[in-house]
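Both complexes below contain subunit A, partnered by subunit B and then by subunit C.
Entry: the complex of A and B
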């Protein structure tokens, strides 16, 4: 992970790189300290933190592939909502959790691929196509709910998912997906090519890399994360509405930035940013809850910290080789 | 510089380890015989709305009044938009050792109740009641305290009474705002159905072939929409629904408010937000909402002339029942079932009434339900509790 020492000394750039982990440790310390003072049930809290951050972790880990390219997808939440609803409808038709999982993942990957293929075909910035997809998917959510004909919600029987709504199952999904991402991102050509393309697209193309191909693969990985997140969402709260996963898109962006991922993507992209950022964000929320802060105040605190993190991240990138 | 940072890093790790050790070794001592009211009771409050006047009034009553006179601490959730958010909020409350949860959120009530029962946390619905099938299922749950508030027949009646008020005065041309009916919010659907039923009774016709409570099913079948048209000699000349808050939505509201074929504007909620800004002089406006400074001003200026409003202290009995359960004195009927009690609205048809209601309703020192009144409910019998709740009119409360 982060190497702090060079010739036996800690370098400032290494410290900047380690800042997200140090931030996470600091937040954990503050959390435990306040939890102790406020007589909080720590074991339940830790389980709760895991429960609340795991879906963001999974989706954000997949989304790292998009952000590494210097691209930006604001339709992740809507994509997840559609996948959740279609997956739930598939379960209600078949009664099979395996089918539900396959439909969630298939649907999310298809939506992701449509975004990237549209961007490639029309030669548009990915961001633009995801805006169009956001509108389209939001409309599709309303259509799906209406077609299902069960009021304003689609429900999967709670008993059907109770057995897999456990921290261990969620952890297993996270570990398997993260292992796949770490393997492809850190130890295979794909990750290096994605970073290269994100850091310097022109140079990458001149070297013979196919931007379209890498973009499609990146979006497919993000879609896989969204699909798994959709499946976990159904297991956690099987009553689904048009508001399901509404905050996921924003949570993913915040988590990735909190985790130290450069918003411009490129060589300094790290797969662990998603996990570190998601945990940090959830810890921060828990701290503010323990302090019984008004939700408006806590939103402002989060906003200030978000800006501070981006500022520090930009400070550190000025000295690097591939500014964008 | 680097040395200092290195030291800071090591110090941070040391603090974390120390805190971890302290946290893990922390054992609690406590006696079971102590007075339950001596220890602060933490109560979580689930809310799906944090900005409306009604939500703010409820919050003020709990945080500014109840919390100051009882040894309790309220923890409020963020604005909950879906079932997953509700589950997370309940987890947060349990982690923070809340002994009870009072819910104003309804994305998935059964899941909330099941979760609280499984975790041994008392749970109450503060406004509204459970549908009959859900009540049958959960009424015997040990930690389900019950539901107190306007039930669906009360909502229907509130709509009916408002429409009847104008129909009796001879008005026949209406414009409606049906709020969250298109999101299948039952409360708003029942209020709208009540209005249409009153028109059927007065106009001698039917709404899409339906009358009375059957109109509820028709609205549901139409996707929560109410369609303009004629009911006998009564005309519905414009309907707006939803809470889009965009230009098109405001445009539709303005068009209905200014339609020369509309004499009376009626809203199932938020009528002051929806219609008051566009309504020309001479037209009537009725709303079902709550008492605020703005609504009193609107009634004084003649903009609003009928208001059926929840009063903020109406959530007091739900609190008292919850606290009673936490103190080990749950309020149950003779069969051991949880509370299911309906409460109605305060109706103002004049500025004087509205002003009088608002003065009591907004007081944080002498609200409609004071500590002395609520104290009588802690450990009360089901019948006494029900009698207290059923006497909800302003005159009965302030007698």
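Entry: the complex of A and C
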């Protein structure tokens, strides 16, 4: 909960902390206003927003573990695409949704672990291995579709996932995963250590924390989010191609920054940033859609806002530093 | 005589904290003006505003009689006011030469390219001029130790030949050689009619070097002493607003300790830094390690904590090997690093985060779960017992004064009840009030049967606190001195050099 007042006065640092939630409220107000003016079906639009944002929310919530370390995973989208395809193939072989879920999650976690273990073994920055993984996974997507697909796609029968393609099921997955992340991040040693490591790796080392172990666990948590996101993607759009989840990686970065997460990670990292940011980003997209902006313009607007948010957050942290 | 530096009615607040309250400071040409006060008294804030690091909320500044409002530290330096800051002021990933000419790449352009050869040559000249010729201008700054990085800053500032030099609590980061360099620069500036504003917590040093002494307390000017008025107790009383009660160092001269060895290092070797070094630390003993900055004592601290693996030799505590930091912590060893802001603390985290992180295994329920109430109680106990000045435990460490930051670094290890503490320059950059409380704390820990390795460049501190002093030179122990009322600094220095 953000405390805005201190000694009865609203402080600027409190305002900065509350900015993401205030931004979300503002966007929601603008959305409702435009929906009223344009006579848009609000409940339909809200359902759309939920459908669009929930997958980003799940992936971004897991990815918080990576960003907290001050690390960066450029291969999240490709990892999700591979997980989606492998999960669909598993369903087509077994006809079991549980197997599909397990394969999606297992595949995504394995990919994450490979990135982080390779980085640990070769002592490389993690983002370097994720660049290599991106290339590898993109190639794997092409191979999977060519070998197992029909034309350019792999399909799961729509009937098979109809029962779980409901807002309630998606919300349940989100709530359970977020609860797990909040618990481990805020109320367990793991989360405290991850944040501290992201804040000052050298000091963390001199406090007995193992950067390699924490990095591997962080990536595994992110993989879990990607796997769940992959499963929800199949239930939402069971016809899967090489473009499935293509924008997830970028959406996650933007969402996390929108949600008030410092791009350098550390102690100020919050799980809620993923939820707030994903909702804000989807609302913004929806508003721009209602204003008939084409996708190119809306991408540009997002980019400008992204830079502005990063700039303002850096300005805020600089201002708060007392020389001694 | 007209003032070259004049600050009038300067005020500055950081949120609810009043850092400066209508402060007037003036310094004359050909003078070394000392600024002294407890941590958080406003010395660094006032001088950093004058040197262009930040803006004041209200007040006026004058330089050579004209209004003065530098837009940045570089701007101030180019116009004649340079500052050497307390903590790291260099960029680690670039060369020494690039650090010396930071922000001035344009003046080294040769067509579209930077003339690196000329930049390095001029940087080397700047280093040679201040007597730091052992540093190569082409070297990557990150490969140098804390002292050499400090010397780079000094070279950077002196390359611009400033009229006013602010030296902010720099000398404690330097060994004797480094201190001599900066003292010589200060004296040269004074002789050539220039001005030095010198901030230090070392009362002897500041009274010896300064012509006048301005005392700040809680953001206000308390008094300015002329040279003939310098008297240690009067200055101390002005600084802390009361007489210092109780002893400063230990007042006993009993260096006897139990036979039980709690930490043992045998035949440690690591390049030139450690050469066949062995030591034993007994229960309830304070072992002082002294020497020149490059004698290997700082490396020894890290080896004892398992952070650096020696090429050969071993470290054991309670009969078990110490091979990494996690093993050291399991054996109840704590380590406070010399480079406080980089190695001991996470600045952009709260006091709670910093103190609790080392004690998570103590706080956790079922080994993993952290209950906020338990954590709060654990941290608050340290905040109270160490008298950390803060709004609450959620305050970010970056907003604390140097002394309070150091208390947080101590609190990390005291909170988890470390039985062995390795303290590398634990009182660097802290005022006498905090120093006294830290010495009292060390003494209390000794009485409780805890053991301390005290690595220090301050002879008085080593002599005043240690049961034994191991004097190091070139990576090995040259002399072991035992606690005695007759032990003096000359005895230690004799074996250091």
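The rule is simple: the second predicted complex is superposed on the first by the 317 of 324 C-alpha atoms of A that agree within 3 Å, B and C clash if a C-alpha of one lies under 4 Å from a C-alpha of the other, contacts with A are read in each partner's own complex, and residues count from 1 in each chain.
Definition applied: contacts are C-beta pairs under 8 Å (C-beta built on N, C-alpha and C of every residue); 3 or more make two chains touch, one makes a residue touch a chain.
Just so it is clear, the model here is predicted, and its values are computed rather than measured.
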Clash or fit, subunit B versus subunit C on superposed subunit A: fit
Touched partner set for A:99, first subunit B, second subunit C, both or neither: neither
Which superposed partner A:239 touches (first subunit B, second subunit C, both, neither): first
Vertex subunit A angle, Cα centres of subunit C and subunit B, expressed to the nearest 10 degrees: 140
Which superposed partner A:50 touches (first subunit B, second subunit C, both, neither): neither
First (subunit B), second (subunit C), both or neither touched by A:28: first
Touch count on subunit A, higher of subunit B and subunit C: B
Touched partner set for A:210, first subunit B, second subunit C, both or neither: second
Subunit B versus subunit C as contact partner of A:192, first or second or both or neither: second
First (subunit B), second (subunit C), both or neither touched by A:182: neither
Lowest inter-chain C-alpha distance for subunit C and subunit B in the superposed arrangement, angstrom: 11
Doubly contacted subunit A residues - partners subunit C and subunit B: 11
Residue ranges of subunit A in contact with subunit C within the complex: 6-7, 11, 13, 187-190, 192-193, 195-196, 199-200, 202-210, 266-268, 317, 320-324
Sites on subunit A touched by subunit B in the complex: 9-12, 15, 22, 25-26, 28-29, 32-33, 35-36, 38-42, 44-45, 48, 51-52, 146, 151-153, 158, 233, 236-241, 243-247, 286, 289-290, 292, 294-295, 298
Subunit A-touching residues of subunit C, taken from the complex the two chains share: 14-17, 19, 39-40, 44-45, 48, 53-54, 85-86, 305, 307, 324-326, 328-329, 335, 337, 342-350, 353, 356-358, 360-361, 364, 367-372, 396, 398-402, 412
Sites on subunit B touched by subunit A in the complex: 1-2, 5-6, 9, 12-13, 15-16, 19-20, 22-24, 26, 28, 50, 73, 75-79, 81-88, 91-92, 94-97, 107-108, 110-111, 114, 183-184, 220, 223-224
